[in-house]
Amino acid sequence: MIAVENLHRHFGGFRAVDGASLKIATGSITGLIGPNGAGKTTLFNVIAGRLKPTSGRVMMAGEDITGLAPHELFHKGLLRTFQIAHEFGSMTVRENLMMVPARQSGETLWNAWFRRKAVAAEERRLRDKADEVLEFLTISHLADEKAANISGGQKKLLELGRTMMVDARIVFLDEVGAGVNRTLLNTIGDAIVRLNQERGYTFCVIEHDMDFIARLCNPVICMAEGKVLAEGTVEDVKNDERVIEAYLGTGLKNKVVGHA
Amino acid sequence: MDILNALVAFLNFVFVPGLAYGAQLALGALGVTLIYGILRFSNFAHGDTMAFGTMVTILVTWALQSAGIGAGPLPTALIALPFGIAATAALVLGTDRAVYRFYRKQKAAPTILVIVSLGVMFVMNGIVRFIIGVEEISFADGERFLVTAGEFRAMTGLQEGLAIRTTQAITVVTAIVVMVALFWFLNRTRTGKSMRAFSDNEDLALLSGINPERVVAVTWILAAALATTAGVLYGLDKSFKAFTFFQLLLPIFAAAIVGGLGSPIGAIAGGFVVAFSEVTVTYAWKKVLTYLVPADWAPDGLVQLMSTDYKFAVSFAILILVLLFMPTGLFKGKSV
Amino acid sequence: MAEPFLIGEGMTGGYGAADILHGCTLAVEKGQIAVIVGPNGAGKSTAMKAVFGMLRLRAGHVRLEGEDITALSPQARVAKGMAFVPQTHNIFTSMTVEENLEMGAFLRRDDIRGTMEQVYELFPILKDKRRQAAGELSGGQRQQVAVGRALMTQPKVLMLDEPTAGVSPIVMDELFDRIIEVARTGISILMVEQNARQALMIADRGYVLVQGANRFTDTGAALMADPEVRRSFLGG
Amino acid sequence: MNRTLLLFAFVAVLFLGTGMLQSWNSALGILNMALISAIMALGVNMQWGYAGLFNVGVMGFVALGGLAVVLTSAPPVPGAFAAGGWGVLGALVLGAATIAAAIQVWRRLPKGAVRTLALLAVLVVGFFAFRTVFDPAVAAIEAINPALFGNIGGLGLPVLLAWPAGGLLAAAAAWAIGKTALGLRSDYLAIATLGIAEIIIAVMKNEDWLARGVKNMISLPRPVPYEVDLQRSAAFVDWAQTWGFDPMTASAIVVKLCYAGLFGLVLVAIVALTELALNSPWGRMMRAIRDNEVAAEAMGKNVTRRHLQIFVLGAAVIGIAGAMMTTLDSQLTPGTYQPLRFTFLIWVMVIVGGSGSNWGAVLGGFLIWWLWVMVEPIGLTLIGTVTAGMADGSWLKTHLQDSAAHMRLLTMGLILLLVLRFSPRGLIPGR
Amino acid sequence: EDVKIGIILGFTGPLESITPSMAAGAELAINEVNAAGTLLDGSKVTAVRGDSTCVDAAAATAAAERLVTSDKVVAIFGADCSGVTGAILQAVSRPNGIVQISPSSTSPALSTVEDDGLFFRTAPSDARQGEVIAEVLKDRAISSVAITFTNNDYGKGLAEAIQTAFEAAGGKVTISAAHEDGKADYSAEVAALAAAGGEVLVVAGYVDQGGKGVIQAAVDTGAFSTFLLPDGMYGESLVQAIGSAIDGSFGTMPGTYSDGAAKIVEMAKAAGFDGTSTYVGESYDAASLMLLAMQAAGSSASADFKGKIEEVANAPGEKIYPGDLAKAIELIKAGTDIDYVGATNVELIGPGESAGSFREYTIKDGQFVTDRFR
């Protein structure tokens, strides 16, 4: 689905992404892990058109999509979430979802002025869809709350919810799990699997929770210092010396404190 | 061919005036940029703050003059300046108490504060006119020139003269010194850093034990000092008139913005960009060229890119060009 | 039982008209670690803010070393030796990493270089990036800056709202290790965590908050062992 | 909603009060400008309130609207077009072509010294070509009786046509500006638009062939009858007298009412359209873009395109208002376009009204305009009261009385601060 | 009867520094008449001020509207800037049939404006002054000048008139460049003017505005040492500000053979304001004409006295100077024809225009020394 070829992205002299090459197979749930600052988010940003690459190419289903604008990529079915939540703060949670679908007829002024009926019908459909998604994310009660006023974790859920409003071909999830309750995260994991299996979405997931990665992802790619460090099944990667040294570590040294 | 005369003509009509005007704008822009950098809004009342500070300074200057106190070759107003600064600081602190603090607590959007400052501008505007009136006032005394055009001609035997006014020299030096001091203060001192922290993330600043009221007070006092100094130096060089000080606001903002809001170096650079783009683009090169080329090549026309009618248009066009290539100004300014 | 070192007792309040917290109580003993877990939107962050005085309480008290500090401003609490890392907006994005750390030590008058070295030791990446604007860092690096800033305060109580969100496993382990060490020096730690199992493992005390009220309160180990808690709040 | 109604009722009382205490003529005069101001405020609110575009070049679009009135409906100047019309048009086409060519060079050629040189060459050649065609044409036009004409003249069309023309002219300018400058943000966009407005005014002041520059165009046609004509019409005088009106006053009032009707129609139409738009998915998309451009873009919204659209629409609305204002004044005087009055005052209306809300903009337009006019007598009264108790001829009293005129802005400032104090997000806050 | 006159000037805005004196000039005439107490059999005249803001046509018309319809003024004195003057004329004076006299709007366009015989002005025509200045230059054997003008209808009109007349007389204008009033800096303008060169710099501006700034910068840089100062540039404040450096400069201003101009300066001094400030004489004259015309018509209704204004202003008749208003009223009452000369030698020609004769002066040792009259 996506092929990244020798991609570079530099900030001044600093090479955040430094010649990364990787492939995301159609229909897979690919995990992307790596230490903080490995360049994962930067890679996402380049693929999703947010940042221009310094050099290298990004292909999507055989088509060169390097340097396309985010909204163009969206129309090609490429969706992403943000690591630091980007909600529309002054809009309600429901509106945050309803605005997502592309080519809404009511988004042209002509229809907004002169085809009120058709627009209203479409709005009802969108609304139902949004409520469905909210239900799933367990935040129905917040539908009419301003997005600025919801909790940190709820914002991450909203981020995820937006990708569920449309039919995507590939979804990039940047740490949707950080700050989300683990029980709920399991449900989200199930949903990802379901979307993947039933609707054929391809996923690329950045996550630091190895349990979550292990449950969902195959293959897993580990990045470090802007390059691909290791690639393979979860087991392969987990047991890779370099990955352990750079990323996983060997657990707590102090174990548990005394008082208990 | 007469390179020296050409050079002097250029210095006298372009470089020196541009430099001095640029420094005047820069001093004003430093105040604007400071308020923007710390309190995060464009303070429209800055021009009238300058007018107020200058007015107080003038009143004190008059008192000093009538008491026979002077500063020798330097303008008496320089002795009066601290009084002006003190009074202005009191005024802006009072304004902050009475007006701005409320909106800060409300976490009002910057545009609201801009409009509020417009209201403050109107009020200050009225106060200044009430107290000192609308007439033009010259309050410069002491030596007006370091060197006059005539003296220069006599000294060098050149055809062209070069005039440098005392106030021009003082302004340029002050602007540079203040810029360096402000940069040092904001980036190196504890108070300065706490001010930047406050502007970056007010809640977190609170969690670090920074006292917001103190930060705000220091900011306003500095802004008052900058405004008064800028106003007095400008007034000494040209003259004081309430309306002109209000009109100064526009080029000052242009300077602060093109330099990059929140950046002291940017304010200086912006001041010079604005000043020199006003002076150079409409400059008629005839005189300089006449000196440079053989007599029969001397140009008939003015050799002027644009007539001075378009002075402001051209200088704004240059600003826009700069911004198109550097969308947050020359020195990566902030934007809210 | 003697009065805990820090206690927010029966806290009730919210952002606007509606209450988020309903008589919620959180406490931590000297030199101990207390961990708060709960579903999203339970009011964990709100409770932390309430303890730190960033929220007006309609009922309840906050006491530090037996002294009632309910009415104190956040700044004054910092002066009393409390430090807090909020969940979001927890760094100065336009300032360098080093300046962020310096701001953490704003109220300290002694030499801060030692503490800064310790922070750099804990988060080596920050040392490389110390001249860089914190806003340009990656998500996990920002989180490290935020924790580092609080550590710079050398507080008596350290309050952390999801300090490990977005940090890599190796750094998370380091961080928990460090938190244990810090606690051993007599500093009390109150933290919210979604990496709940790791957190409860090191916790002396655990709180499960649901809808602004205490649902379960016990030792960390006991909560871990409770199947109901595991299923509903710790992801099985 | 209740609050909105109450506020509008309050403003209505202000106008009625003015009518009863001062004169209906005054009240209607203020109302007419208030209607125009409200439309301008609506335009600014579209750009700022819907999309967060900090346009401080309002004045420029107002002026362009005014220019459109001259170009469409001023009487033609005999011989002017023949003298240089084609030359000017040709030169303008040449100028546009130069810019287009320059853009192509910039886009097509690879980065490097060659590109810079080519660009410079195109610009320099284009500039001189432009001047060679332009200058003689302009000289020819300006030579035609410069004390009275010297301009290319208008088309002599009905002045009502000039309103949409004003909108179109402003929209065209906004399109060009938007294409270049909308990449800028917040105050940087502000200074750019401010600069562009100053450039527009500079052109209007100095290009005499266009609309006589600072020598002003006066006696522009109007869409309503002249008062003097009414006063001379026997039918009207009879009509007025049967109702017991003084024909003089009646004529002035009738004319003002005609204007008010026209302006009111335009206002209602614009409010209706903007309200429909704002409360549709289109409005939601706009709010999303205003809230967070990055996210909106990632959700497939073409932010650049939308910004351009709203910028052009807002400018068109402002341009229409500008044309209406010039029609009301029946003169175009470029020297009177000052940022304080035509940009910042409009901004005050938007912010005090409540940004993002159409009704807020309308209310702000009415209220602030009323204040802008009435602060003068209010200020004078204030001074009168203050000085009433003082001894005649005392120094302070004379000083205060001499400065009374400055109470105008001071009062304005005080009231502005008070209003914003009690409704810090504007009187009718938007979403 | 209480006769109210509306004084509409730009008390705030770009011309705010010269308007107080203009208003005082008008009020000087009004006070003089009131002191006599004989106008229209003992009517009292009161002045009601309104702010034209100089630049905001809408605010100006609103103020005028208020004065006319609410305060019931019988005539409008003003406005100052041509733009607002025209707006008030069209929107208020004509519809209400009110006489309007402007002391300072000199735009040629106002000559041909539709005015129903209601509009007059006492400021002299730009075209006439242009000719006078060309003559002065020629007489002083000056062959090349640079011109700078304030960028409004007055400045531009005057500059064009001077250029036309001077070039017709064989002189050379090296450059004619605009300057904007109230700006912070005039280096660019002076640089261009200096580069163009010329024996004399003609400054068609305002003394309290950009004109002074340009002169100051030109003197400081040594670009020019002699200036030609048209009417807008006449004023003590220029000498005070610039000092001996402009000794030898010369100028023209509306002036009479008599000492009307000197008289008004004296009277102003006694009343406590600066009589040499721009347009004070014109203001005094405009107000006087209004009042004397009322007396001549025996009515304060505009419809009645609008026809009398020219009659009062022009010869034949007994000449009336500043300070003579009481006498003038008596003369009119006695049926004697008067010729109001006033401070600026008012002579109305064509449709309410002032013909104006001019005084040529040179600045010597900081004094304005009259050379001759033209």
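The letters A, B, C, D and E name the chains in turn, as written, and every chain counts its residues from 1.
Please note the rule applied: a residue touches a chain if its C-beta (ideal position, glycine included) is under 8 Å from a C-beta of that chain, and two chains touch if they have at least 3 such contacts.
Note that this is a predicted model, so its numbers are computed, not measured.
Ranking all chains by how far their C-alpha centres lie from the centre of chain D, first place goes to C. Between the interfaces D-E and B-C, more contacting C-beta pairs are found at D-E. Note on chain placement: the centre of chain C and the centre of chain E lie 76 Å apart, centres being C-alpha means. Here the spacing of chain B and chain E, counted between their Cα centres, is 35 Å.
For this pair, chain A with chain D, the centres built from the Cα atoms lie 46 Å apart. Taking the mean of the C-alpha atoms as each chain's centre, chain C and chain D sit 54 Å apart. Residue numbers of chain D whose C-beta contacts span two or more other chains: 205-206, 406, 409. Within chain B, contacts with two or more other chains are made by residues 129, 134, 307, 309, 312. Of all possible chain pairings, those that touch are A-C, A-D, B-C, B-D, B-E, D-E.
Put simply, chain A touches chain C in their complex at residues 11, 33-38, 40-42, 83-84, 138-139, 142, 149-154, 157, 175, 178-186, 208-210, 246-254, 256-257, 259-260.
Residues of chain C that touch chain A in their complex: 15, 32-33, 38-41, 45-46, 87-88, 125, 136-141, 143-144, 162, 165-174, 176-177, 180-181, 183-184, 194-198, 201-202, 204, 219-221, 231-236.
Contact residues on chain B toward chain C in their complex (touch as defined above): 190, 193-194, 196-197, 199-201, 203-211, 334. Residues 21-26, 29-30, 33, 146-148, 205-206, 212-219, 226-228, 231, 248-249, 251-252, 255, 325, 328-331, 333, 335-338, 341, 372-373, 376-377, 380, 402, 404-406, 408-409 of chain D are the ones touching chain E in the complex.
Of all the residues in chain D, the ones that touch chain A in their complex are 273, 276-277, 280-285, 287-288, 290-292, 294-303, 431.
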